[in-house]
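Two complexes, one shared chain (subunit A), two partners (subunit B, subunit C).
Our next item is the complex of A and B:
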């Protein structure tokens, strides 16, 4: 019955359809449109359509652009290489052999997902810089590696490789169990069957996750800004940020660079989607089966040490550095017991402090973004699933567009769109502008969760509601929405965690005098109050991770058995 | 007991006029005509993919027809020519789905109360009517449970309670029992039959099980490839199948080939012969109804068969016989056991055979 036939008589609510369309137009299409217009008409800001394309081609021909695009590509490819080198061996070990404490390593490798990359980068700076913690402990520093292109790649690789690790170890495990054992039955040895069967079959999954790492690294602002600026290594993201935030402001330039960056992200995204929807990848999806893993023998200890080292570099070191800095009375006091104290936390959380205000702002914005993005996401996904014809195509396209919109580009689009002098009213210079930016950046998450959940729902549940006398809107509110709620809550928590510490869009569009967690950390670090910044970073990681985890367990506890709807 | 007697309006509960429908480029339904009087049950019977669900979705408003007109209790609910297209919620129907379609986030009582709530029935009245509907299906004690905590049969009873609680002028059943096992199916058929009779429900009952259709329905429409092959009462259907396809689908008996020779019709592979004027044409199909066969050689006509298999049943022995000289298989229930390879004589009267012309274009 669940043929997914779309019934002309029982279309989804027209109201919802229009809500989704208007919401997406305002939040996604308008910023994109203004970037394109600005790139073409350099004087658009002063109301003139003169000299179309003049700056466009000038910027495109600018050697600066080649430099920036080249650096971006270099950084993306380098990060992908680092992530692959870090992830592939341990993923293979994890999938094919018995590793002591395997679940603990898995749990530790999840932590990089919870630390925003710019915070980890700041932790690395505190450790490796001259007179940093490494030098205090061992007597030498690695500043020359840290402030180098390789260093940036390594640190970004450490921040992103766990994506690859988790995808790949799961894929290896599934394939290992299903196919490579077959290969061994036919006489291929352990290594032969890994190289000849497991690895080739895992290729699409590996490629897709590496493309995700590529997209993440070319969109990243914090790490290249913190490390690259000191050595004059600029990428597109920092170049765009420069052009829009530093005098002389170059709107057409930032718009054109944005288009270049979006094209790169779009290509990565399309390639990734294509890889994931290919049929040969699907055969290796599904659950890893119980699988006889082999003993490592004499290699057990070295393999365990390798896991420990990787987990320490990816998780332990940045967190320890953050904590050490936050707990130091003064930075110059260094790692000494006498220098330990809670002064930074006291100053951060003292009544009426800027830090407390920033925390409050971010939590407020994070919560609102989570609610609105999820509602819009659910309505959009529903309208797409129920929709037909041109409407459906437009909505679908609009809802996945932000996948390839880096935060900095969203910020540029929003500035261009909502800072036009001729606008009678504008959310610009109010906290609402941050809300628009966050929703745009994060919309793909709730849409993805809602779509998956809607596809699991039998068609007849809604049909039964309609036949029982509920109109389209009522059927959505009373039946569809409650049934997809559990997965929407997961999406909300994800959106909250990311939105409450978003950096680059917040730096660019936050109203004057309005700070968020990320802006606060960034400013403190810039002004040399690293201790205060790191105290905030620590609180941020704790709050944005702890609150969500608490919510998830509460939800599990409340809904024991009662949300059996999705089976 | 649900009290309100159906309004004696004299309008047919349902009438379909020349309904056609294409899905994905296929003509799924082709000029369907049906009239159903109030208080009667129409069985829609047919093999998988013949368009039963599609027809039901058209009646419910979950789909709109390409052509034709649908009237429910006298008012037109869909007529593309005149632009009438009532959405499902304004047709006031009850519907029971094959997969139950109970809402897992609501209790049993809430599920059943939903249609009343949508009609704006006051809370007090609503509660009474929910209790009565649940009692009707024997689930009064389970009102506060979650649907997921019920067995399949209980879930389907809840779905039935939900479909009848608002006393709709027409209830639609889409293969309601096909997800249940056989014993349960047989009890539930009787329960539904009682319910339908007591409430004088007008209903459309879709199934691919001819037993269910013949038990429940006043009229049965046998569908095939998007058309209605025959629409008749169960008796008429069993005694006078209109086509060989209907006879085959209803498993009325053994279908044999016959050829007209110089001195009349002969059944291929046998020496049974019939007068030339039985039917026109040169080839024909003959139905040898199972219920016309007797296990003796008393005539007036007899057949020699050989036992292929004999299976013990609770009601006797199911014999599978092969008609001597042919590959045709006859199934027959016998009080006695038989050994494989034994010869068995069967008798029947020639007037009990049904003749169907061959080569006639399929309509």
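Our next item is the complex of A and C:
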């Protein structure tokens, strides 16, 4: 482990650099620019540049802002802590030891990604509130925990910890036992070598995924809105959303608050960057590695129980709550046998085109977004990690920005940008506008995954390719891409899952007459058909889980072990 | 990438080709606007594009699109949006021949009500609490910690009710609710859900048609019109001056105010705006209405509410 900054050895290809720059400019910078303009010029929406900064300072001088920003930080840090406590132990166990049913736990822990957070929050409310499902079954409720700041953190931790789990177990696996074996040869105990060698080497993955959780939680709307509003716990994103969703609309105010939120995420990002560049984390050097996992011995049963408990809380309980509501004819009828039936599912498939069309639209958009966002993400990360020059930090910062922009603000930025009357053609009011919005919102995920993965990739492999006569593009496609593919597959699954259930932006920019899964569910709730909405949510979770799992199995079958890490 | 860009360009060309349809931005319920759009297209052959969301989201989209408006007709759930748009000079004035039997307080220059919602107490009949008869009942000990109310900042109906309470010096009812442990729970649906499951017993300032529709679906919930009177929330329908399809928009107006359109409105348990449409539910003429005359300005109403519930 050489100390000092990572030396950019490979020069990268100019073509890749330009693709990344132009892609980011069009998809991320343009909407962001329009949000900044909107914050400064309050009447920009109607095409006027009058009274600059009149609303900007008024919003920033609002005494409530400190409370909102403080609550946001508190929620972000609390959620990160909950997610880390849930994820680190099981990720280490999963990567370094033989766990019974390991693949089943992986599949189960993938599901929290697929459950829309607002649906999960609703599921928790319907389970834990007085006379909720828990009380109907066991006779007691946990309303006081649920409707508290701790409760919001716990639930958001449960919704997001699998991001950390998957990244970290991959990273631990790549590090393998090899480095800690060296430590043990020199006399360190098992714990000592984990704390001093394995965990520090996993820092890129840990820092990157915790940053993602932080950014996801300060940007998350559904859970704080469903739970926080009742206890008067408002965060920046609910403040932003309320300014946009409650008449009279305050676009400049919400744009200004978004800028506060973005600066918070950028500070977290700088912190992560500083952590990462202080040391050298390259561990993939081309030497063959044996993935030998140890036996847990007497600890096998407790470890399995731990996995079962975490999987039940994160996946089982919300899914059961969704299913209970979907199977109930009426909410007030409760869990009585006479009240249960398949009516909602029948109606969902019976309404025919509506629900099914929404499903088709979302799956199509989700897949396209996953492919395009991952490709752009990999190229961006490559240009940032292996490239040279000042523009790298701009690209990097630009790629993380949307992570902290609430979806609803991205939506407003996109409308402002792409509905300008002087544009000869525009994707606005076509499904392509949703594609633009989704890629913008989700780009940070593949970029983070690819960056963490590239930080562990030595330059000698690519250099060897170049020496043997491959051009920069060929070296990227043939050497770098296959090596970061496992991380990219994880990223694609995440992007697919989130894109196929995105709500807040879809609700605002969806072209007229175009319905996605989340919009359909939302419309059912809005009409008071909670059961039908939950039935759709259940089907969507099922489909968005099964498709990636099938894809991974297929990939593994085709590659037959020739791509490392797909196991 | 190349193939994708080609697909993008083709998609754009295809989307800009079709025109002379009417584009309607409407607040919920989704079923109503879907039926109206389908009925209108069937009758006139004019294609209807619908964007349906909450009043807030519709207004946000309109505001972001202001430099290049897309909508022809806007239907919102809050009368205040119509007066605001009229003040800004955004509305086209149109006197539909079908609006003759719409009472004067349900129309103004540039807008006419599509239908009207009433504010009620939504009470769970299986909650084990006595049936409330008036707003003030919910401040009694039987309903301790069992009442929710929508946030007036998020619900136009609740706002109007709070406004009326302030105009009629009835703030003590709100204070009584607060002292009795009532919680403010977001928008209308967020306030109703805990009452359906039984976590709470009643919604103070529930919306009548949402509650009646839930009851029609078998939920054990009842819409109670309070004895001391209530307020109504007319849902303004407007044509934007910027519309490129004003003739089609006017025809859509006529259709919504026609007998058939008003029956569709009644089908989702809203009160029709026209007084000559008879349906089986309490109508505007049957309700005792509280006046909002002399109420303070919006910011003061919300601040007054916040002062009680914080």
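The working rule: the second predicted complex is superposed on the first by the 301 of 567 C-alpha atoms of A that agree within 3 Å, B and C clash if a C-alpha of one lies under 4 Å from a C-alpha of the other, contacts with A are read in each partner's own complex, and residues count from 1 in each chain.
Everything below uses one rule, namely that a contact is a pair of C-beta atoms (placed from the backbone, for glycine too) under 8 Å apart; a residue touches a chain by one contact, two chains touch by 3 or more.
Values in this document were obtained by computation on a predicted structure and should not be read as measured data.
Novice: May I ask you to name which of subunit B and subunit C touches more residues of subunit A?
Specialist: Counting residues of subunit A touched by each partner, the higher count goes to C.
Novice: Identify the partner contact of A:483: answer first if only subunit B is touched, second if only subunit C is, both if each is, neither if none is.
Specialist: In the superposition, A:483 contacts subunit B only.
Novice: With both complexes overlaid on chain A, does A:469 touch subunit B (first), subunit C (second), both or neither?
Specialist: In the superposition, A:469 touches subunit B alone.
Novice: After the superposition on A, what does A:432 contact: first (subunit B), second (subunit C), both or neither?
Specialist: Second partner only, subunit C.
Novice: Examine A:416 and indicate which partner it touches, taking first as subunit B and second as subunit C; both and neither are also allowed.
Specialist: second
Novice: Would you sort A:277 into first (subunit B), second (subunit C), both or neither based on which partner it touches?
Specialist: Neither partner.
Novice: For A:150, select first, second, both or neither according to whether it touches subunit B, subunit C, the two together, or no partner.
Specialist: Neither partner.
Novice: Overlap of the subunit B and subunit C footprints on subunit A, residue-wise?
Specialist: none
Novice: If we count contacts the way the header does, which residues on subunit C are in touch with subunit A in the complex?
Specialist: 4, 8-9, 11-13, 15-16, 23, 28-31, 49-57, 59-61, 63-68, 70, 76, 78, 80-81, 84, 124, 126, 151, 153-154, 156, 183-186, 189-190, 192-194, 196-199, 210, 213-214, 217-221, 298, 310
Novice: Along subunit A, where are the residues that touch subunit C in the complex?
Specialist: Against subunit C, subunit A makes touches at 45-47, 122, 125-126, 129-132, 143, 225-226, 229-230, 232, 242, 244-249, 251, 329-334, 372, 408, 412, 415-416, 419-421, 425-427, 429-432, 507-508, 510-513, 523, 525-530.
Novice: Can you list the subunit A residues touching subunit B in their complex?
Specialist: By the definition above, subunit A touches subunit B via 1, 5, 7-10, 458, 460-461, 463-472, 474-475, 478-479, 482-483, 561-565, 567.
Novice: Could you please specify the touching residues of subunit B with respect to subunit A in the complex?
Specialist: 23, 53, 57, 60-64, 78, 85, 87-89, 91-95, 97-99, 101-105, 114-115, 118-119, 146, 148, 162, 166, 172, 174
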